[in-house]
């Protein structure tokens, strides 16, 4: 029981995020009032980049990944990988909010503070090695995001969003917690490694208790990742939350939830795979179908993307199904890659949505996007590329993600699941295309005069699109100077292998 | 190692990026830029044609690691099966651009960028030697077409393009899964991860696996080609697309579907192919009659050509699945012949429609008197389309029908009636549009071909005539590869083994049934 | 010993070049009022066939110089289609048969070109016409000279194309354009058979010998063919011949083909193209001869068509239609001739060549007198300002003396009056049919039909002749304005008339040599080309000399009867319309309703089927399915959407439901 | 130190009473129309729970349950109810509490039955009596030490969580910026 | 004899009642109280396990959960205030602007 300074160094990114969250709002009063939003956004952006730099340095230093703080947390490659992803999501969101918050007259200090805190929670989620620290991570993240979702306090939709999110989220947290309790009761530990050891040793008499606990925990985690039938909150919350927050939720929060889910399944529950695999498979199938079927006729783009995110959850759940005790297994890294691809894509889309929706988020129906291609060709193209990425068309990251994921699933002998996945991809084609069709092939109806933030949107979306294409096409040898998908893949692979 | 192929693929991409630098209102510059780029690409591409050695298998190969950990490489090369489509892409792109000159009036940069990217995608798809790379290009070539139909198409363009893309994707996504499965199978059997196409040929599968995979690959290619009954996107897409896009769609993209059968389906599943071939030939035969008959009663000229294209593509499928060198060589040759003839017909119909604002056949009549050049061009192309000997359509059709006959007599016999039907609908079309008195005042003073239009048709007509007159130009490049293909898939032996039944009786058309499934 | 000659290629090349040249001129002058300069066009147009004719003559003498057994010149120009065992070259074969044909084609062709200069002089499509006509010459020469079936097929379809273009030459008349379509499509039906025949032969040889489609190669391997195979192949090819040579039921296009300019009818639809079917049977005789029944089928179809068409010709009032049906009828004769030839070869090896030659001889003589008849009718039509109805003519003899005289000769020739060409050729065929009766009695029926048809022919030809030239003018206006054609048109008439008189003597039967006439020149010339694998002097049963004379007498007699009837009915008085219009006449006038039957049995059902496919299968079937899949999916989507009530409690209920399901699963799993 | 039979008996009786109090309090909570009595009856439940904690050798938690939970948190709730001045007309109209609660109880009953089946007959014969714990088990000293060493990370996390809640409350409940 | 099961069943019962509350009640306050009830039910489990496992960890968890509950209470009440201010309603069913 010695306090090791080294531990603090290891969690430096986490500390930085917390410190920024605490102290950045304090800078606000000294900034010129009319430019406050602008400066706050960029300061946050820089802060996130700084943190990312530290995380990158740690990643480059090949972290040992040993659990610290008495086995509650581990800043392993896996955690760092996700940390970087969260920071990237945060950074893109920060670019968007730089103009969005002033436009919507929302408070800057609290917004960025909450965003930083939520990222802190996510990092805890990604690095937690004990169910209890993970639970705390969930709560930190969720609390911050609840507040973010309800940030447009005067908007009834935003109110409704936070209401649903909070109540259902707390409800599910309680279920998750009950599961944690039962698991603790059965195994005598909340540490994932301990649970795995207990399972490997044969479990013992309290196995039923554990199984019940695991069931409840899966429900809780299923809620967080929006797996059907625990997905119901997603569309309402996504629709009601401010667009950049929705983007943040669809990407960082979802990634964090999957980081949580994946780590628990891989390092905690893996020896009991025979027990849960069918449940997850059923969830995956149900989730895919639910998302894709519901999205089909959805006129509201945010809501449509919410259903799409449910569908993508379904795909990634297939990846969880394909997990195995072998470190060679590609399923884990496939999920990681998929998350990166999916996050980049959604960030790009939501950056555009934030911009196009106009003040007060009036234009959020797909029909409103008619003729965007004429008015904003680059933004339309970017959205189109993102939509293609969501469909999974080459040469986008979405395609590669799907490829990698389905590969893993087929490899583990779940070809039938992959077939369902493909069928669902087919089902999804239509509604994604609808957006592109509307933008390119219909005459404009909406009026975008007087919108702000075009340049920032372009910046954000360009970053995303370049990244999508970069991760999609990867590096050819003639571009050997340019790291492509391969480094990303090996990073994902290293990350997952750090779980073993 | 020559980088010619990569350059041919990349140049249009670069050109379309470069186009973004041109201000949107400088329309002539944009057009010229696109035309220049495509012509430059064609000029470079001639090196491909003349440098190609018929006996040397895959050439102009390039191989670079892409994602080595997954066995994915950037591996391209051409052989006799792909050379022709590659050349078609290069030759027809400038033609299509020229044909778009006045037809496309708005959003020029996007349009011409799509056109150039389409060329790159299609070229990439046919030269890919890596299954993964192929799939990437296969999907990539869909996107420009999606935009071209949807943005610059006719009244029902949105419906048509959505139908086209969704329908095509249904097939290709299933194929994607099958590709993954094959990839694993190879790893399970040989222990290495690779997407290298030849390595994935003829792996051993259980019957269930084999049929499911065969079905998935078949569906993807059958939709793209299209094979009856998977054609229902075709009339809509062909009719609604801007005609230069229809031109590229029918002339090249459809061929890549058929090419897929040759490059992937058959060599990967020779066993399944052996069993399924007669049935696929039946589909082809049926599609041939079906397309021709429906073309007979069309009232819209473009739609008529669309159905005729279906009919012709069905012969190609039939020829391919005859699995003998006549059928396959004929099909590959016909890739080109059909591209030129049907493509040119689409363009001619476009020229007619541009003058009158309608494609309704009944709106024309007696045009020949006013527009002799146009008429001559149309009749010339019509003759190529109906397979008049001396023009290139005949060579392909002759070989394909011969192949079909050799593989399954009854199918060959019924398919040969196609020569009658095609004459029926095409000649009837010609006489309705061009002959008779001019009955409608709008058709008085019908404008004849302009010089630009003549330059669109002229290269096509010249190639049609030359390759019909001296088809060895093409056949000599194609034939060794077909030979190799048959050797490697094991179908060459099957053809020879057919010599066994010496009894002349079984050869009479009256009693060919026993013979039909002989291979 | 292979003999080659580089000259052969020139024969088709000249017309091709001139066709291209005139074609380009046409296009470039298309928008000028005057059109291409007529003088230049005429010169080029005639130069092509004339040059070919001269080369053909040179080639003829080259060929003659060779020893009889080696009389074949070849020229391999370039490889055409080489795919595996299929090795097709653009190669020409000049043997006595093709030599005869090219002389005939180029010779008569040149004359008709010459004639056309006059005939078409006032037509706006003057140069277009000549480019087509030259293109036709090219195709026809390819057809004749091609050394393999596919190459022959190139010419075969090429002439079909030119026929199509020329029939629809006056395309502003939609009926004429559609007549072109009809010709092309009917020919395509025949080509379907031709193609299948080629496929059949090729694969049969590939499996049983060496795959080839060369005439020489096939002939060498003739022994490989079993009778069944030969029958199948021969009949398939014969379907092609029926299409091209307008045999029942594919004869329907030929009468409509008269829509084209009259010289075209003379050249294409009388003298050359339509005889291609006969030529092909003769060329492939070795194959037909292996089959015991193919020859009989050919002869029977020929006989039937001869009679059938002759009947129709009786009632026609259009001068060209009469000639057209007479052509169909005469083509029937030719098929009797060649059909019997291969039949005889089958039963008496080595005996068929001479009989085949008789059939070919009719092709040859017919080319002269039928071309003459058409050109004559063209002269009449020209004189009567495009009037073709013989019921509006009459008494033109005085106005058109040269036309009257030359046409008279031709009419006598076709009626079979000695010593004109038609007599010799027709007599030979009838005699052969009579001999066939010796081997198979029912074949006497063919003889009887031939003889009867001969009488009918005499009748309807003279009906036409008398109505046109004799009696009183029925339409005074036409008659007043009628005038003899210019020299450029009458010269070919005279030349052909001369031919009609003399060419018969090229193949004088032995009985008629009277000790000084050279006999069987034509048959002897053709013998090396027509012999079907069996040399030597096999002899058919031959009737006695007296029987021979009796047969001739019968033929001449029945012809005279026919002429007499015609004279009595049409020349003595000047009836204004057909004297008696019975039901039978009605049927003949309507051409036995064949067109209507085809319309009802083939075309209407086909269109119905097509509309059914288009509407019920394509639009309301497949397309409906595809188009409505998204709708069904949207319906599903809308149905499932109700779970998203927007109410927190229902969401919670759903979660509890899921919780229950999962827990239940685990519970049951535990219980196991 | 084996507990006596009386002690164990007393424990059982206490357990019975306390559980009854807790469960009944809970049921009362969810069946009140007005939130105020619901909150108060929840306090009753919490007191029952505190008793159970005490029974389970968690004295500190029992105290905290009363002080923090029943005291501070519930006071906050009651305060907010008062603050909003929730009147009868503010309550959801047409709420048939009895019907909907019974329906919900019926819905959750199967889940509860599963819990019962699993939790109700756990293997082993551990009882409160035969599993003694050290005397200082659950005392503030031991617990605090444990919290600040082994669970330091969790503790600090909770600190962040509370900060977040603070910011969140500010942003949600404050007036327009 | 009190065994683990007894306590756990009480915990499960409280949890179920909490769930039933969330499922059945429209009143925001009562829904919120039900969630608190669920958390407390879990706490009872933790304490029970701590006792029977002889580990202090369980009690620590309870302690942490109390903090979490406090945070949730704060946020939850803030939300209730916000909603009540904006919509003058305490019924969760009144918040269904967004659906389907």
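Which chain is which? They are A, B, C, D and E, in the order written, and residues in each are numbered from 1.
Simple rule for what comes next: a residue touches a chain if its C-beta (ideal position, glycine included) is under 8 Å from a C-beta of that chain, and two chains touch if they have at least 3 such contacts.
Keep in mind the model is a prediction, meaning the values are calculated, not measured.
Using the contact threshold fixed earlier, the set of chains in contact with both chain A and chain B is C. Considering every other chain in turn, the ones in contact with both chain B and chain E prove to be A, C.
By C-beta contact pairs, the most connected chain pair is D-E. Each chain gets a centre from the mean of its Cα atoms; the one farthest from the centre of chain C is D. Averaging the CA coordinates per chain and comparing them to the mean over all protein CA atoms picks out B as nearest. Ranked by how far their CA centres sit from the centre of chain B, the chains are topped by D. Rounded to whole angstrom, the centroid-to-centroid distance between chain C and chain D, based on C-alpha atoms, equals 105 Å.
Our note on geometry: chain A versus chain C, Cα centroid distance of 78 Å, whole angstroms. Centroid to centroid, with C-alpha atoms defining each point, chain C and chain E lie 98 Å apart.
The distance from the centre of chain D to the centre of chain E, each centre being the mean of the chain's C-alpha atoms, comes to 8 Å.
Looking at chain A, one finds that residues 132, 136, 139, 143, 146-147, 150, 153-154, 162-164, 167, 171, 175, 208, 211-212, 235-236, 430 touch two or more other chains.
Contact of a single residue of chain E with at least two other chains is seen at positions 4, 8, 15, 18-19, 22-26, 31-32, 48, 52, 57, 64, 68, 71-72, 75, 79, 82, 92-93, 95-99. Residue positions of chain D touching 2 or more other chains, listed in rising order: 107-108, 111, 114-115, 118-119, 122, 124, 150-151, 154, 158, 161, 164-165, 168, 172. Checking each pair of chains for touch leaves A-B, A-C, A-D, A-E, B-C, C-D, C-E, D-E. Contact residues on chain D toward chain A in their complex (touch as defined above): 114-115, 118-119, 122-124, 149-154, 157-158, 160-161, 163-165, 167-168, 170-172, 176-177. Contacts from chain E toward chain D in the complex involve residues 1-10, 12-21, 23-27, 29-30, 32-34, 36-37, 40, 43-44, 47-48, 50-52, 54, 56-57, 59-60, 62-64, 66-75, 77-82, 84, 88-94. Looking at the complex, you find that chain C touches chain B at residues 26-27, 30-31, 78-84, 86, 150, 153-154, 156-158, 161, 164-165, 168, 171-174, 177-178, 180-181, 184-185, 188-189, 191-192, 195-196, 198-200, 202-204, 206-208, 225-229, 231-232, 236, 606-607, 609-611, 613-614, 617-618, 622-623, 625-627, 630.
Of all residues in chain E, only 4, 8, 15, 18-19, 22, 28, 31-32, 35, 38-39, 41-42, 45-46, 48-49, 52-53, 55, 57-58, 61, 64-65, 68, 71-72, 75-76, 79, 82-83, 86-87, 92, 95-99 touch chain A in the complex they form.
Against chain D, in their complex, chain A makes its touches with residues 1, 3, 18, 21-22, 68-70, 72-73, 105-107, 110-111, 113-114, 117-118, 120-121, 124, 132-133, 136-137, 139-140, 143-144, 146-147, 150-151, 153-154, 162, 205-206, 208-209, 211-212.
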